[in-house]
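First chain A sits with chain B, and in the next complex the same chain sits with chain C.
Coming up: the complex of A and B.
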């Protein structure tokens, strides 16, 4: 399968070829890739693509997997509507 | 960032900070023919305030200095894609900033602001609530008394803009070292001598402090007291949806800024009154306050799912205006800090002004109101009011 046909990040539509292009330019960490290509920044918050990105960095730069830092995990785990947050606060206030 | 360059033991110019200010200074210096420029970043490019900011670009300020810096910076951004010959898209969108007022005091201040902005050539206008709603139809006018609008304000991708400066500067020979922390700066006989880092020591005559929320720490290393303080500011992003909002909507009294990015996601933030610190952690208090404020002013966005929240640092100066300056005490020490939350949008002028100072060229703007010395003399009189 061609690298351009392998989708790594479904939320932000990033292919393996996109990653290779950035690797060639010297971007070698998850945090950098995230910032340039939005990989891992969509609704799934790297829950789908995260491990694959980590694995591809390790392979390309010939590093062991544990030496490749995972993306910084931030809240939320799941998307929550702003209205739902507001309503929850209103309930507490009552 | 992978680099094949060996770490140097000498350089002409050492720039501390790989955020937007640092990369802009690097590019401006290199573009003017300066050689042997090194940029040091403790983490990776745009790790700090640049990569955490709200991505807004506006000219609607209350002080002359800020309006002029912002106006000239926008002129740069309009041409940045070509000027920097960037191979990606900086995602610059000029669909305006709508500033919403909620009481008579704000209405009066807004009129004064617009007068100043127009006198400096910025196409800002004063609007009635009804006119504001024509620009942003989902705006809830309850409690809204006036607005101002500038159509050439907008949005710009901070990561891509930083990347564009970085790539262009690299092409001109600038060396970048990420994951390189500055531990100390040696000053001898009132002159910069060297910079000590986790990768080695670099001898240099000129150091430029562009360390954002950590600028005061770098100043201290050189023995220069910079009266700036950092404060944690939070922000969140929603899932992307089809386009429903052109301008950034902000309100100082309601404490909110909210914009739909070209990508489709909504970004919003506010500034809560907190102790000064260098903490970059998220809180649920922010989330709750943000949800209440945002759904009141822009009700339909309550239906959007928040997917991530994060925090960054505002680096406040005593008058909320930038410090773009040399030092009277230490020769060769320059600083670009104290942007008070607006360093990203002013970066092109930051780079231009610092490069002029460092290379001894005449300045393209009046730098008195940007100098470090304005605080020593007690000359800082005008406070920037338009800060969220």
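Coming up: the complex of A and C.
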């Protein structure tokens, strides 16, 4: 299998080979992969890639899926322009 | 900041029925959905539903949507609908942040019901990012909502009910389904759906999966292979099929990001599809006043989502001191209905999942 042609995260273009490289370096949690490769941080917010990342970690490190912690989720779920937040604050001040 | 009595995030079968129960109880409801029309997945379901007469069996999904929506619209000024509105944040003080077009605004509710449904799972295989690789739900949206064929020759991967139903709908739209591949040793959806597409000459290939998509700039074919008992591909068993579309239907995962955002306890329960919130017997999450129902708390059928939605609405109303006129009789009937819907052999996974969740919570 050409792991470089298996795309795990479409938003940030992270392949299975990228994950394997990080696994070999000892990174074994979703949070670490996210911080290094931005997997799960794009527009889909891990809704497409998340389950595959969880699965690949479990498979590579021979763990059960229940033992692979999912990435932390924080607001916002979409990109929000600072300008839009400023406008909302201005409206509230009035 | 705008104040609301109850805020429902997600206008699918669960959210709409939760809205109805709250409205019947005298509450005011703000129903939010990121899509243009309410109804969630119902709006693209052109087939008739199974399950229970009480939950509209033998009715087409799209007609159920009309019914559920008119049930809430007749409450006039007490129901506010915000369509094409994304909830981008949920906070512990029951404030939600929204985006509609380019406008950002916040609202606070006494009760928040999260009924966000599910997203489709994807598969890791070579060239899985080629144009022409679709999720089954996306194909259904293209065809049934926008009237666009996804391609001419399709491979369906996955034989759950969605894979089977979408295969049939593709054929109805005049698209050739060249094969249906299933990794397990047997078909996982209802046999009534499977035999319908078999009768139309579609091969359902068990112990089979996609090894890679073929094509340079778009899908021109697929390489399939047989799987052994531990779901590993067997070298040398590969063969190729010419086609222009690969449709992935390998299950759904609850959309749990809002639960995680608000800090509610979330557990991984594989039988329920993935990360699901811990809930008590009133469908309240571990955050006071934040409730959850429908596929967002475990992948099931639309019928169960409707029952759960109504129960959640009744409980949320009760907590706001707005009792539903038939609270106890209605709750009892809904409990029985849910037990009936989860009684068949196909619901075994659900029963195991709910038992597990009971243990973790």
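In this section, the second predicted complex is superposed on the first by the 93 of 94 C-alpha atoms of A that agree within 3 Å, B and C clash if a C-alpha of one lies under 4 Å from a C-alpha of the other, contacts with A are read in each partner's own complex, and residues count from 1 in each chain.
The rule is simple: contacts are C-beta pairs under 8 Å (C-beta built on N, C-alpha and C of every residue); 3 or more make two chains touch, one makes a residue touch a chain.
Keep in mind that this is a model prediction, so the values were computed, not measured.
Superposition of the two structures on chain A leaves chain B and chain C fitting side by side, clash-free.
Of the two partner chains placed by the overlay, neither chain B nor chain C lies in contact with A:58. Once the two structures are overlaid, the count of chain A residues touched is higher for C than for its counterpart among chain B and chain C. Residue contacts after overlaying the shared chain place A:85 against chain B and chain C alike.
Of the two partner chains, chain B is the only one touched by A:38; chain C is not. In the superposed model, A:70 makes contact with chain C only, not with chain B. By the touch criterion defined above, A:29 reaches chain B but does not reach chain C.
Applying the stated contact rule after C-alpha superposition, one finds that A:6 touches chain C and leaves chain B untouched.
For the pair chain B and chain C, the model built by superposing on chain A gives 9 Å as the shortest CA-CA distance.
Comparing the two interfaces of chain A, the one with chain B and the one with chain C have residues 45, 74-76, 80-81, 85 in common.
Of all the residues in chain C, the ones that touch chain A in their complex are 1, 86-91, 97, 99, 102-106, 119-129, 211-212, 253, 255-258, 260-261, 266, 268, 270, 274-275. Remark: chain B residues 1-3, 43-47, 51, 88, 159-160, 163, 238-240, 263, 282, 287-288, 290-292, 294-295, 301-310 touch chain A in the complex. Chain A makes touch with chain B in their complex at residues 26-29, 31-32, 35-36, 38, 41-43, 45, 61, 74-76, 79-83, 85-86, 89. Residues 1-2, 5-8, 10, 16, 45-52, 55-56, 65-66, 68, 70, 72-78, 80-81, 84-85, 87-88, 91-92 of chain A touch chain C in their complex.
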